[in-house]
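Shared between the two complexes below is subunit A, which has subunit B as its partner in the first and subunit C in the second.
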Partner chain A sequence: MTDAVVPTEQVAGKSLWRDAWLRLRANRAAMTSLFLLVIIALACVFGPMLSPHPYDRVYQAYVKVPPSVSPRPSDAEVERALETALRRGGVEIEGAVVEGGVVQVTLTSEREIDPRVTRLIDRSDVFSEASVLSQSTDGRRLVLSAMVNQNRFLMGTDQNGRDLLTRILIGGRVSLTIGILATLVALAIGVTYGAISGYMGGRVDNMMMRIVDVLYSLPFMFFVIMLVVFFGRNFVLMFIAVGAIEWLDMARIVRGQTLSLKRREFVEAAQAMGVRTPAIIRRHIVPNTLGPVVVYMTLMVPKVILLESFLSFLGLGVQEPLTSWGVLISEGAKNIQGASWLLIYPSLFLAVTLFCLNFIGDGLRDALDPKDR
Partner chain B sequence: MTGPILEVHDLHVRFQTPDGEVHAVRGVDLEVAKGETIAVVGESGSGKSQIMLSVMGLLASNGRATGSVRFDGNELIGLSPKALNRYRGVRLAMIFQEPMTSLDPLQRIETQIGDPLVFHQGMSRAAARTRVLELLELVGIPRAKDRLTAYPHELSGGQRQRVMIAMALANRPDVLIADEPTTALDVTIQAQILQLLRDLQQRLGMAIVFITHDLGIVRHVADRVYVMQGGEVREHGRVREIFEHPRHAYTKLLLSAEPEGTKRPPPPGAPMLLEAKQVEVVFELPKGLLGRSKEAIRAVDDVSLSLREGQTVGVVGESGSGKSTLGRAMLRLLPAAGRIAYLGRDLTDLDQETLRPLRRELQVVFQDPFGSLSPRLTVGEIVGEGLRVHEAALGAAERDRRVVEALNEVQLEPRFMRRFPHEFSGGQRQRIAIARALVLRPRFVLLDEPTSALDRTIQKQIVELLRALQQQHKLTYLFISHDLAVVRAMADTVMVMQNGKVVEQGPTQRIFEEPQEDYTRALLAAALDLIPVNAAATAS
Partner chain C sequence: MLRYVLRRLLGALPTLLVIVTVAFFLIRVAPGGPFNLERPLPPQIMENLLAYYQLDQPLWRQYFNYIGGLLTGDLGPSYVYRDFTVDQLLRQGLPVSIQLGGTALLLAIGVGTALGTFAALRQNRAGDVGVMTVAMVGITIPNFVMAPVLTLIFAIWLGWLPAGGWGEGALINKLLPVFTLALPQIAVIARLTRGSMIEVLRADHVRTARANGLPPRVVTLRALRGALLPVVSYLGPAAAALLTGSVVIETIFGIPGIGRYFVQGALNRDYTLVMGTVVTIALFIVVFNLLVDLLYAVLDPKVRYD
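Now for the complex of A and B:
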């Protein structure tokens, strides 16, 4: 026998995956989408931590304020806010001067003014640290100052006075998590099931696919409602429900791929070599189905996000104060006349995400397609 | 002779790929006179097809042709597809290699041929039908009238190629470009199609451009030949001159690429290795609605054969003769009736689990070097897979050493073991497949058309490699092929199969020199008529 020495210097190969990645990189639409998607995902993960507004904080003074870049309150709003705050104080506002984040107000009244009127002011979201500067001797005139809390609501607030941007980002966390987790669940079950069914063929295949058919024929909503009834509403249940339905498609796709793969000569070669069935499925079948599977996956994530939106729309999804894009959109739809931004911004996020995922899916399909190789 | 009808001057074809520019055709000059037949010969990757695709304006989207292509005095390069349609399909027609896929499976023959007539020439349906019928008769389709309403899958491969030719002829072209028109066909059919093209040319007086890798065809049909290599024309001239006095080294190499020599017979008294008696493989067609099996196909019918150690049995036959099925049945990759014994041990009753240890001694090399290697595994993993199964105790380092050893034996550089199959050429891939079989040190190797998908020069190398390995390791081969030249160079005995039955069986020399049966004679005549190269080379 020849004296074989494993060469130390080896030429690394370019795998099909690397090849596909190079093609994908040349696809501008897909790369832009990927970039946007990463930005949206990062914003959803870190945005709520950086946001000055907790997602469940209610600003009673700012119910349904429209989006704006300038901080609130504006001078006019300060007066209005003062009026609202002091409505029950029985006082007249004579003049208010805003300067450097501090408002100085002069109050008059028929009767003596109780200095505890500052509490009324403090109670408002707009002001804090109200203190009496001076009071006239008859007590019917009072000058007080208070800090004005400046808040920015870039995308406005919702009907409860919560910051919409923060809620969209929180909702994005929920939607993307469900989208990705449910897809992974579907992927794991679907690929395994489909590959086994397709590879074994014959009676096993027949039985396994009939089970899939039976599950297909169950009405999805009914299934979800059953789950919710038995286990109550919770987050984990959502993606179990969605994943449990979505794997059926995945299994069919993988089975179809497997059927054509198992006739290929490399599978036959493995059989002739005596490789065991699980190893053939693991090493030869599954890696070769992953191309279409990855493409299908990117198309499945938006599908799942939409499904979750639909469930939330029906009230079967996440619960207040937690939210998701679907919930936000459904609330926005109710307020479309008075506060259109409640619909526009969440829809924009969802639409951009779905577009990006679809473009990436398209790009991947082109990149993995060996046709023009 | 009048001036050239098609004139290609300084043609370059470049492809933009992610790995940079590929310069596929590098400054080719070529001309075709009216009524003349030329052949463009070259191995895969020589750019021969790209020339004609750029003439037809059919380059892939990342390709660009520069230079000049003049058809009847009109420049074709740079024309818009619309302007190009005045010529292509009308005066310039093309037929392709794969008759199975170039017809639309959902359209009837009449519509496929007739639609261009209706749209291009504004014929009425009735007139088009008469013309279609005329064309089908012209290309020699029997019972043409009944075939009008047939779908492509109801026709055989040869008939489909005839339909393709009829389509190309529909508009009476001046130039017919035939891109490997017979490569996918059996030899007997191949001879008929070539005969047909020759007849048609004489009757219709068109020029034909043959693109082929097969020198036998060139000699048979062409007036002049262009030999291509690496995107350039190496040599051109009249067929006779080129064949008798090749000047360029590459032409000489091509001409001598016929597999040579014969195998030395095994020593007498070698032990019986594999023996099959009355093997039968029956495929049942899918059951009908009522669960009753309607029809069964006897793919292998009562075949017996025996292999002694060191012997090679060649199995020859056209497609559908059951030769590959027989091979698979011998290795129990398919359920079969009859008795198959390995070293006296009956394999037919063993289940897959008890068969597994035997698998290491019974190996296979398949035809398609592109399909038989798993595309997502590295070469090292592919070759080493058998070791994982049969010598699970080996450590990773030891396994790598064995892989390297096997790669060395098939003359592949072990440096490339981390590469993936798609980065290799067809011949190299076939070497990888052989290494995969060899790494287990088998005693028997089933070679299922191992050279059919390869160029002639590569074929010769693989044949020599297989013979050397056989000598070295005392291997026994069952060699399945439709290529008689290769079988002649490889086998001790030959078995000719047709429709699942053995037609004739005997020592290689006798079969080739004194065939007894008509079918064998027809097969030999069709095949050897097309590969006279060796005979010519030795005669001169």
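Now for the complex of A and C:
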């Protein structure tokens, strides 16, 4: 007994989280998803700042223009825009020449042309800094020039003439924020509730879980719609409330974990040393339940994003001019005839995000699952 | 068996009562009422309306009136669809929703278990990966994206199917909604079946069956019986949800089911209509949970209810 082999070399230990991270890194689907998700999140956070178009800027000249890489307007569009701009001016357009981002137009009329006609042109989104070059002596002929504003709409514009890409990114901000916010609320409530219920056991546990059961059996949609009715359009409040409903599963998971944890030696040791119950729950129970909780959390974010999109789809979510992926998709669904990009791009963003979150969740589950070791 | 069913149904009554009570008071405390229009009604008319629908009585009396009506099967008049009782509205809508949901359910069970078994038998090979990728798509893409995208492809670009409408239940009108409804269910069922099938295929009784020289098809069918348990327990609530209609599908495809009533009723404060749908949904959930438990006894010889 005395000459038991003592390891001379220290074996480098691997913590649970480090081990999980290594396994996750080996999971190609999860890592690709993580990478994509980070890109989407960064784009949503910083994209709208970099975008030349504010998300609520309406370009009346460009309603429902299809996506394209080349800048607008094209030459044909310049003429159309001129016609639209001068419709009320009572003048005829004789010829327009576009050169190097400047358009030169000759206008004729039966009466004398008011040089203030430039204001009409400036009012259009397409032109700026219109100025009179020359006017014939009788005033019926006027040559003016104006800068042509070049605009790029990579994903086209919506039915009000707003840049779709910027709106998708802003919508992504809303959707992702909501997803994270509601999940954190659910996390806080669920973990606390579940840990207390599991740790206290007995009658307290029984009662607390019965409450969960009753809440479970109420139709979820009913709750959500009632919340919309209560909080009106106050979006943030509503999603805190949604988080406050979504905690049920979390509470069950944490309770199950706690039940097995509280019989473990380290908890008993803490009890024997006289650590008080709240401290035990905080220091010993909760940190050890985090594995499944983290997995469940990644799977809950897409659920909440979906819920938000669903509510927005029904018209109960974010209000104009702010937007979210659900709102954009529902507007796209109304415009599928003739403007299919309005449906396709937001759907693509939503689907890719949901995919990524699901893959990461699956990857995390595999990485944290001790059964698999 | 019969005693068990009766006991379960009786046991569900308190749950139903709680649901009805909570729903009743929740919708009542919500601000607004069924007759609050954008332009307010003259007070005299409002008073008469409230008196006509007995909404001027104290809340607790209204509650007992409602429960009383419920016990005799009277769900009350709809406040917004003035010419209809809630009973009539549900009677019109429910068959449509059940037809659609039922077809989707059968499709989901058939295709889902088949795909799941197929994937389990080819674990980690190309067929498995393929099925699971499709399942991931089915689970991830929400139906309010899937429905318009499918409409775009099949109704607008290809022009094969109608974009919406019920068409008195014509088959061609049902294809898109049924498929959209079934797809996520197919995906979930396939995943569940695959997971439990992989476990069951490794179990002793299956190995014994194989060792006895039973043909692979018989072995698979035997294994499937045990593997279906998690699928069945998932199907309880899922079936109830499918059969009581989907707001999204009914809105997008313009189908006159009862899914819409729920949302519309809540937004219009059509108290009785909301309560009617809540009661219907709750009943479906209770019944299907019971069916699930009974099916368990059929599938798993270890479960007995006598």
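The rule is simple: the second predicted complex is superposed on the first by the 321 of 373 C-alpha atoms of A that agree within 3 Å, B and C clash if a C-alpha of one lies under 4 Å from a C-alpha of the other, contacts with A are read in each partner's own complex, and residues count from 1 in each chain.
Everything below uses one rule, namely that contacts are C-beta pairs under 8 Å (C-beta built on N, C-alpha and C of every residue); 3 or more make two chains touch, one makes a residue touch a chain.
Since this is a predicted model, take the numbers as computed values, not measurements.
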item: Partner chain(s) touched by A:Pro287 [first = subunit B, second = subunit C, both, neither]; value: first
item: Which superposed partner A:Asn160 touches (first subunit B, second subunit C, both, neither); value: neither
item: Touching partner for A:Asn149 - first (subunit B), second (subunit C), both, neither; value: neither
item: First (subunit B), second (subunit C), both or neither touched by A:Leu22; value: first
item: Subunit B versus subunit C as contact partner of A:Thr84, first or second or both or neither; value: neither
item: Contacts of A:Glu265 with subunit B and subunit C, given as first, second, both or neither; value: first
item: First, second, both or neither for A:Arg276, with subunit B first and subunit C second; value: first
item: Partner subunit A, residues of subunit C touching it in the complex; value: 15, 18-19, 22-23, 26-27, 30-32, 136, 139-142, 144-145, 147-149, 151-152, 156, 247-248, 251-252, 262-263, 266-267, 274, 278, 281-282, 285
item: Footprint of subunit A on subunit B - complex, ascending; value: 18, 60-62, 328, 331, 333, 355-357, 359-360, 362-364, 366-368, 371-379, 385-386, 388-390, 397, 400-402, 404-405, 408-409, 414-420, 422-423, 433, 436, 440, 446
item: Subunit C-touching residues of subunit A, taken from the complex the two chains share; value: 214, 217-219, 221-222, 225-226, 229-230, 302, 306, 309-310, 313-314, 316, 326, 329-330, 332-333, 336-337, 340, 343-344, 347, 350-351, 354-355, 358-359
item: Subunit A to subunit B touching residues, read off their complex; value: 1-2, 4-7, 9-17, 19, 22-23, 26, 264-266, 268-276, 279, 283-284, 287-288, 290, 372-373
